[in-house]
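Next, two complexes with chain A in common: one pairs it with chain B, the other with chain C.
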Partner chain A sequence: MRKYVPKDNVQKKSYYTDRFHVVPRVPREKVEDEHFVSVVEALAGDVKESYIEIGQLVLHINPEDNFKVLKILKEECGYTQCSEQSAVDYLAKDNEFELFWQLLNITEAKRVRVVCRLANASAIESVEPLFKSANFAEREIFDMFGIKVNNHPFLKRILMPDDWEGNPLLKTYPLQGDEFASWYEVDKIFGKEYRDIIGPENRDPAKIDVEDTKRFSRVGYEVEFGADYSTEEKDIEYSETLLVNYNKKSSKQLDERR
Partner chain B sequence: MQVSNKLTPFFENLNFERDDNTMVINFGPQHPSAHGQLRLVLELEGEQVVKAYPDIGYLHRGIEKMAENMTYNEFLPTTDRLDYIASTSNNYAYALAVEKLLGIEAPRRAQVIRTALLELNRVISHLFFVATHALDVGAMSVFLYAFREREFAMDLMEDYCGARLTHSAVRIGGVPLDLPEGWLKNLASFCDKVDYELEHTYEALLTENRIWKMRLEDVGVISAEDALSWGCTGPMLRGSGVKWDIRKEEPYELYSELDFDIPVSDRCDSYGRYKLYMEEMRQSTRILRQLIPMYDDTEPQLMAHAPQYISAPKEEIMTQNYALMQHFVLVTQGMRPPKGEVYVATESPKGELGFYIKSEGEPYAYRLKCRAPSFFHTGLLQKLLVGTYIADVVTIIGTTNIVFGEVDR
Partner chain C sequence: MAQHQVNYASTAGLPIALTSVDKLVNWGRSNSLWPLTYGLACCAIEMMASGASRYDFDRMGTIFRASPRQADVMILAGTLSKKHSEFARRLYDQMTEPKWVISMGSCANTGGMFNTYATVQGVDRIIPVDIYLPGCAPRPETLQYALMMLQKKIRRESADMKKNTKQDLTTQTGKKRTRLI
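Our next item is the complex of A and B:
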């Protein structure tokens, strides 16, 4: 029987897991720090869950409150920098994305992570008016996950080309790329009808084709491109400019760094 | 989106021929001053930039995707390719994030070695900055002198780990090797050399140089508020008068025990940032000098003892059956960290380098996000370049010190 391969998550999985292996969880501590308590209080109604994980406050919110929460955090709690924002793909499990904003307060030296769960195919409000760093970060989210961001000034693909199909960081997207990715250059430069003539891309960097006289396969036995090499001489004289007579005595090895 | 075919190829919807007085030019991705693969689309009015659009992605290799398909130890050498000017700081930021997730700490000797490597990398990176920045602005000789000293630093790295650019010199849980014989002596002489050259060569050539000052002063001005909002970190933030250094504020490794200053400049321009880089190199050599005597007081243990996650030392693997079994499982299956998420920020030479790791208890990270400082500094270009002259564009790209390995990832 053919092995079952799930289609909703094609990322690499461990081939063996001990039946009795229980995965522990990183401890989530109660919010006791004075500053963090005041942050949670400032956001009283909007926070669904709050805890400390590895020294940083984690706040779970509703996706529609993101602008409001980040505005309060910026203006009232002093979180003036949004270090990072991105998404995690949970489509296979829950059909939603997890979005997070990593905020930094430089006067208190504290970090807060605001987390929300966004349903598939719904959009999130841009925080670009609050943090300009969101300009690039949200474009990256859009590019990598296909999450639409409302009211972003210039929502366009950032890392992938504009005419790319698919969102590379989705779990459904294979590591080696999909059909579109493998023929992207050929389709674009020559057209689809050239796929058969050019052939699929070879991703083996060590591949040497003896028939191909162009790509280093005949180092030392170079011939013109496409020329017949079957009758050539086997004894090749190397150029003098490449192999100079190496005189060991004339060179000097330093005992110590200069 | 325009329809592209062979006759009208896809060209990013850019209309280069304008009816009004503005002109659109393409800066890069092959421009030697674009620091790699930056493509800037500039709209010019005369010689003044009215709109700048940084186009990135020419070096996109999908490193975050690769992280989801590699075990934690397997991924470590890939982090070398982020900021390839200072690989150890990437290795370290990643290793620290995983260590925080696992809840382990590297032994003391490994910490000394790591801190020394980090600071050595900072010097390497800053020397590279001074060299290329000066070259972009037009001072060729500084490039040659700075690369000479950088070569010595890379020799030191080579003596330690065998590699010059892609070090992988830090492992999750410690370091793989002890320092070779005489390395600390060489390090001390290197510190002296850098300090001497800083004062007598680079600063003598640049700091009071009339052309250098004219090209850098009041170029690329960014206010503290903007710098924070655009996500600037490291020298870009400190150059705007914000005293924020993660080594001091959220100390990791041995930084809490070391004595060093955080240089800040409130000039907000390229010249202030240049001075900052010079001063940071001095502070780095100061840290390196303090680390040298610390090494001798440490135990020889190099990797943390956590058999569930980290292989035992080679000796034990070769002599003890259980250590060998653990090692076999860790190599073939990879370590399984607990479920949870972690974001750890470190001060890389370019700014805040952070790793966000989401673990679901599998040997493969469920999601890894690399917060690269250069990515946000590139985003800043669309604000910073507007209103400047085309001749200053190169200076501003130079002063942001962006490296495309970590912009595109």
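Our next item is the complex of A and C:
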């Protein structure tokens, strides 16, 4: 990844555009390997597109064919292990998800990636009867993306709490959490009425609360632990030896140039 | 034989040491701090190291207990996720008074580098903390030092827990201060 630079400044735009930058792409090769050719032939009409990327076969299919394709791959082509299964959010671009299954043939030492595009708000068929590893993987897809999985034995959130709102791996989900996420533990343990007392999350690690005399020491104006400072209307008296008070009017301004 | 044998029969010759109740109680409390065996993340490895033979918590009278009902110190060692916060608070509630809390490491103190939706941004949002121990992860010596600081704090306290200043959970200063201990 290259360093992110904000590109809003129109005046400097010409500096941001890198004319010579080429987005790195993995070359796609034709399917020539003997084993992979037989795999593509076994799937016949179900494959929309097939190519080799870094020695792995990539197969694009329709989302409704996923169970059929994986069954053929498992039973006829020897892909007995489903090592990874997840989704990618392309909602902003195409209003659909990309789902993929990464399969491994142990005897041939070959890997196949089955890819499909799933329209938003539609469900996918579970492959749990074929691969037991799909049980947790599909629960994670459901948890993180909100994609429903048909005929799954136990479709329930796996990473987030059961009463969580939102799907964190969607690109629209804020990294630091939405309103619900930021109050989750307070609401759950103490109740909503304690929001005012506990206060919002502090996301700034360098924050210093001047009035908090329990957690922060007031340099130059030390008070007793836990003393209530808020009632006093008194400016901080800076120690002459430790801190320089820049507000102090010690300089003299000349009216005219000497 | 005994040269300095106390003659119990004479005078008011009982072996008496004068002290205050506070000091006596705090002597007992501070010298047998039993923390809860409760690790959350990598800080727990350092906590285990402090308990093991090289750093040896036992010599300070600190013995890890596997039940919150027998423990009086909770060392929150590691990242507290929001999903787990409910259970951490429940364990804290199950501990009997008097009880103290050490927040160990950056993640427990402020959320640390996990500035995300799933991590509690400082355990003091749900549990009142006595000692904040910085570090990522703090070395075993540091945890020992934190425990010694806690002992010092306890020795300063009153035997009557109601009189002690307990850190409350309010982050805002000013008018509203409710104790959520």
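The working rule: the second predicted complex is superposed on the first by the 180 of 258 C-alpha atoms of A that agree within 3 Å, B and C clash if a C-alpha of one lies under 4 Å from a C-alpha of the other, contacts with A are read in each partner's own complex, and residues count from 1 in each chain.
One rule holds in what follows: a contact is a pair of C-beta atoms (placed from the backbone, for glycine too) under 8 Å apart; a residue touches a chain by one contact, two chains touch by 3 or more.
Bear in mind that the values here come from a model prediction, so they are computed numbers and not experimental data.
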* Asked: So, A:I158: does it touch chain B (first), chain C (second), both, or neither?
  -> first
* Please work out whether A:Q56 is in contact with chain B alone, chain C alone, both, or neither, and reply first, second, both or neither. => first
* chain B versus chain C as contact partner of A:C82, first or second or both or neither -> first
* Structure fact -> Between chain B and chain C, more residues of chain A are touched by B
* First (chain B), second (chain C), both or neither touched by A:I198 -> second
* Asked: Is A:E41 contacted by the first partner chain B, the second partner chain C, both or neither?
  -> neither
* Asked: Regarding the shared-chain residue A:E185, is it in contact with chain B (first), chain C (second), both, or neither?
  -> second
* To do: Could you say whether A:P168 touches chain B, chain C, both of them, or neither, answering first, second, both or neither?
  => both
* Asked: Where on chain A do the contacts from chain B and from chain C line up?
  -> 160-161, 168, 173, 175, 188, 190
* **In the complex, chain A residues that touch chain B** => 11-16, 21, 23-26, 53-54, 56, 58, 80-84, 86, 88-89, 100, 102, 104, 106, 109, 111, 113, 131-133, 135-137, 140, 144, 157-163, 168-169, 171, 173, 175, 188, 190-191, 257
* To do: Within their complex, state which residues of chain B touch chain A.
  => 1, 4-6, 9-10, 12-13, 56-57, 60, 62, 64-66, 68-70, 100-101, 103, 152, 155, 186, 189, 226, 228-231, 233, 242, 244, 249-250, 333-334, 336, 338-345, 352, 354, 356, 358-364, 366-367, 369, 371, 375-376, 378-380, 382-383, 408-409
* Of all residues in chain A, which touch chain C in the complex? -> 160-161, 168, 173-178, 181-182, 184-186, 188-190, 194, 196-199, 201-203, 205, 209, 211-214, 225-226, 228-230
* Structure fact -> Residue set of chain C touching chain A in the complex reads 82-83, 85-86, 89, 110, 115-118, 120-122, 125-126, 165, 167, 169-176, 178, 180
